[in-house]
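See the structures that follow.
Each of the next two complexes has chain A plus one other chain: chain B in the first, chain C in the second.
Coming up: the complex of A and B.
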């Protein structure tokens, strides 16, 4: 028997470590989602150079949406800081060994890349707004006249999207004191989770903002989105089918990476085995198996497979499940990771 | 190059918490928080039980994960003695260092910055001992330069069986416990 009594009551540390609340999972979720949207829209921007028919897809809304979502995510991150007035200190230094420092500088590069792609797609996303902002329209026109610049914007979005998506996982995996996070697979896992969430979000956009809605004003777009939500989706829409295929690929890779993440920890030290048991059989098991694996990956994978086979009607349910599952993944990993620890009882 | 460390004799420590009170007084640690604390570990089966009482704090590791993960450089290794410190004016309170420390030795000060044991470096620079060491009634705590083979801490480590906390975490802690 080993019994340890610690005479310490520091807030956030005792009786169990819990320094990060809802803000960090929300930030990681939105960061991953924006990473996925950046990669997909960057790819679309490059493809649209060669194939003009693609230029009017639902991807065009992604950059503006990404800007808004990333700002909300950064807001959540700011709320988590305990010494908020000193946040500017992040940009007075670059700490090579700190993933958070890398992340803060990556985010500084992500904004101009997103702004450039948003400018590029503004005339297609909100034509009325673009007409009211002639300078922006002229800039967008000038950019479209330089295919190499457009290509560079597309590549920059894809590259920064990969960096942002991986960073959200690496941020946790380098914190070696929390055994559940001690896996380099967290980076790719969060990246592919972000990609599947990005594809699901574009799928959702395709459903609520259809080309036939004829709404180019923001308020009209919101109203038509609400109305379209209640309408059945257009059957067999080519873009939607491709999104379902892409989402299924991402979900399959995500499931494989999640399996490898678990196997890696189970085959590691006893401390790591105990850590992964928190999500396999411990207090976080129900949320992990039901929300993350069941509702977040397996169910949408099955539904989208059946939709692709035309066995069931195409709906937005899988997309909503993927988005919910992605958020649940971050919440479970962050919470269970904080509950995992190296124990001093053996000494 | 000096490397400050502590050697704590667990045969002498009675868990009186004088070190805790001295630290709170010396460093104005706010109510409800502590930079050092007492841990009791009981091993064995009744009636052959063995209890180890020890005073714990930041281990001022040679390979400090809290310093590596700090995004602003607020957590740093002091040039004197390799002591791990936090510059409160540079700390943004992101709590990455709290998550990186396997000893849970850090906490967020009510004013927002991260706080922890400093080995009372302000006293050490004046030639004094850390407050906790100076008040220990059983003289179980010893402070000195681990790199100096003639220092009291080095001689104790050379002559007595000892262990550090969580050596498997790879942080190379600078506090040793005599057993």
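Coming up: the complex of A and C.
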């Protein structure tokens, strides 16, 4: 007897069941980016405790930017929910085996940690705004007087950043029905992709918000930066160079993890080989090799390597490429993953 | 640019995009390294101060020209498959003038403007934006100029076909022209640009064999070889290895039997191309299922890939043997003819006969033949004639049942792929 299902899981009805549209890749991208920013700014907050020269780095904008980006990402996640009014039910329980439950609780903890670090950096980021909000300034001052609290905030940011970054990948890899995602390497891969995106974003901010622009106002800085955005940052700024080095290490690790991810699937069952062929030679190959690997990793890696050697001038181009490549990675992995299925074994 | 490999079907659309990405990066890199991202460098050639553009472009032309020539003479590249843009004389003259005006105003050609924009030059970015708006504008007015754009069509012409000079001689002439242009450019740069010639310049008085001189000598040498070694096109003239053909024909490696063909067709194999070389009217009256009709007079050198298995048949064996010889001489390695042709097909497959005094073994084999005959719409004739006697009246041919699919014969050539330069 041949049993046939007549709902959408039947490959003859829906050859590839795409349940997720643009919302999930965008959320994964923003989540990874915020994770990277949290780790970098948390590290910076701790470093700044004993190295006062670094207190005015480019990192100060990161917490407030992270808050805004995470809210946008959560908005995309909310749009994807089937029953939007029941979102509160996620917080009535904690399921140890459910990555979604982990994620919703991690996100709930991320917000206060980000808010604390944002409060800490507010007087440096927006001095005018801070003067208008004396309460916040006083709080920030009080926090700065307790180095242990500042240290705790920094550690909390780093820890939650790592958890958030890994969770965005584990969320996919636990869905065993999609063979392309059946790899635990997705967690570290998305974490390091998030780290490189975070470093690139701070790099971008360093170009947009120039410390020597002489204006405290953020909008002024944006306008002036737009006019001469192609100029390299002011000479003598060690910060951006360190960022380039850090970004290069993150990109290298990401490239290695991507290679291991592919090798792991290729040396697995035939179903997994068919799944990874979707991105290696199949319908997603062009987007994967050109946008993710070419423009997203290899090209910025080369450009930043040449910049670090002072053979070409420093521009925002690698940073923009890294950010675009990171978004493309999520879109390709999510779309190709949904196109992969266990049914190919029977064909 | 991915044309030759893509067209041979070595990879599909997805991989061609990846290859195009790699070629694009490499091309942009070379242009940038040559300094073509700078409008001043491009403009300097019109003042004869810096003739870098002329040198790079002429180098590219002679490298590609001699390279393609050598590869096609070695049999690696089939020049007749390389896409040539058709010539429309007057529209292309007008278009060239418009492009020239744009070049003078903007200081870039389309390719170099992209390089310039990618390196962050404002004028390059403005030029690219202008190009995009120009494209939109052209698309909008195209219906008005469509008639003109298709006028004075000359087809795909080459200089050698237009001036009736051998291809190899033309290669030699262009190579000589390039070397003269290089020497002239060095001279002009000294005269107008005030540049001192480099130590390895073609103009320098040194008597040593500098790399540039070696390269110039080498390219002229290739030009001389091209001039005397004939036409690279796989044209109507072909050479055959008579011993190989004789061996094929002698060992019967050149044909397949009707039984074998019937087996293939019953199995539904699609790894061969069955070609009927009779006239279209005869083809319409009856043909073997899955066959396509290519009359002998219309047999072209590009009927299929040169490695494809092709089976020819005609009424008897003469026409299919001629087609087989033609394709063998054009380098098709897997050409075959149907032994006995359509006559044999009718006698053995469609209307097999069983002698009245057949042995039980012959009868058992005949049952299989009868089933095959029924499959192809024929009918077995039992006991009407002795096996060795003259055939009686041939039954009227029933047209074969329509193929199960959409009825279209398998296309002779694979899906036509995008043409591109």
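Criterion: the second predicted complex is superposed on the first by the 314 of 347 C-alpha atoms of A that agree within 3 Å, B and C clash if a C-alpha of one lies under 4 Å from a C-alpha of the other, contacts with A are read in each partner's own complex, and residues count from 1 in each chain.
In this section, a residue touches a chain if its C-beta (ideal position, glycine included) is under 8 Å from a C-beta of that chain, and two chains touch if they have at least 3 such contacts.
Note that the structure is a prediction, hence the values are computed from the model and not measured.
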Which of chain B and chain C A:315 touches, first, second, both or neither: second
Partner chain(s) touched by A:99 [first = chain B, second = chain C, both, neither]: first
Residue contacts on chain A - larger count, chain B or chain C: B
Which of chain B and chain C A:87 touches, first, second, both or neither: first
Which superposed partner A:19 touches (first chain B, second chain C, both, neither): first
Which of chain B and chain C A:290 touches, first, second, both or neither: second
First (chain B), second (chain C), both or neither touched by A:281: second
Which superposed partner A:342 touches (first chain B, second chain C, both, neither): first
Which of chain B and chain C A:155 touches, first, second, both or neither: neither
Partner chain in contact with A:43 - chain B first, chain C second, else both or neither: neither
Parts of chain A lying in touch with chain C, wherever the complex brings them together: 230, 281-283, 285-286, 289-290, 294, 299, 315, 317
Contact set on chain B toward chain A in their complex: 15, 17, 20, 32-34, 37-45, 65, 68-74, 88-96, 98-104, 106-108, 111-114, 163, 165-166, 168-170
Complex interface listing, chain A residues touching chain B: 1-14, 17, 19-20, 80-84, 86-87, 89-90, 92-93, 95, 97-101, 103-104, 174-178, 269, 271, 338, 341-342, 344-345, 347
In the complex, chain C residues that touch chain A: 13-15, 17-18, 21, 25, 120
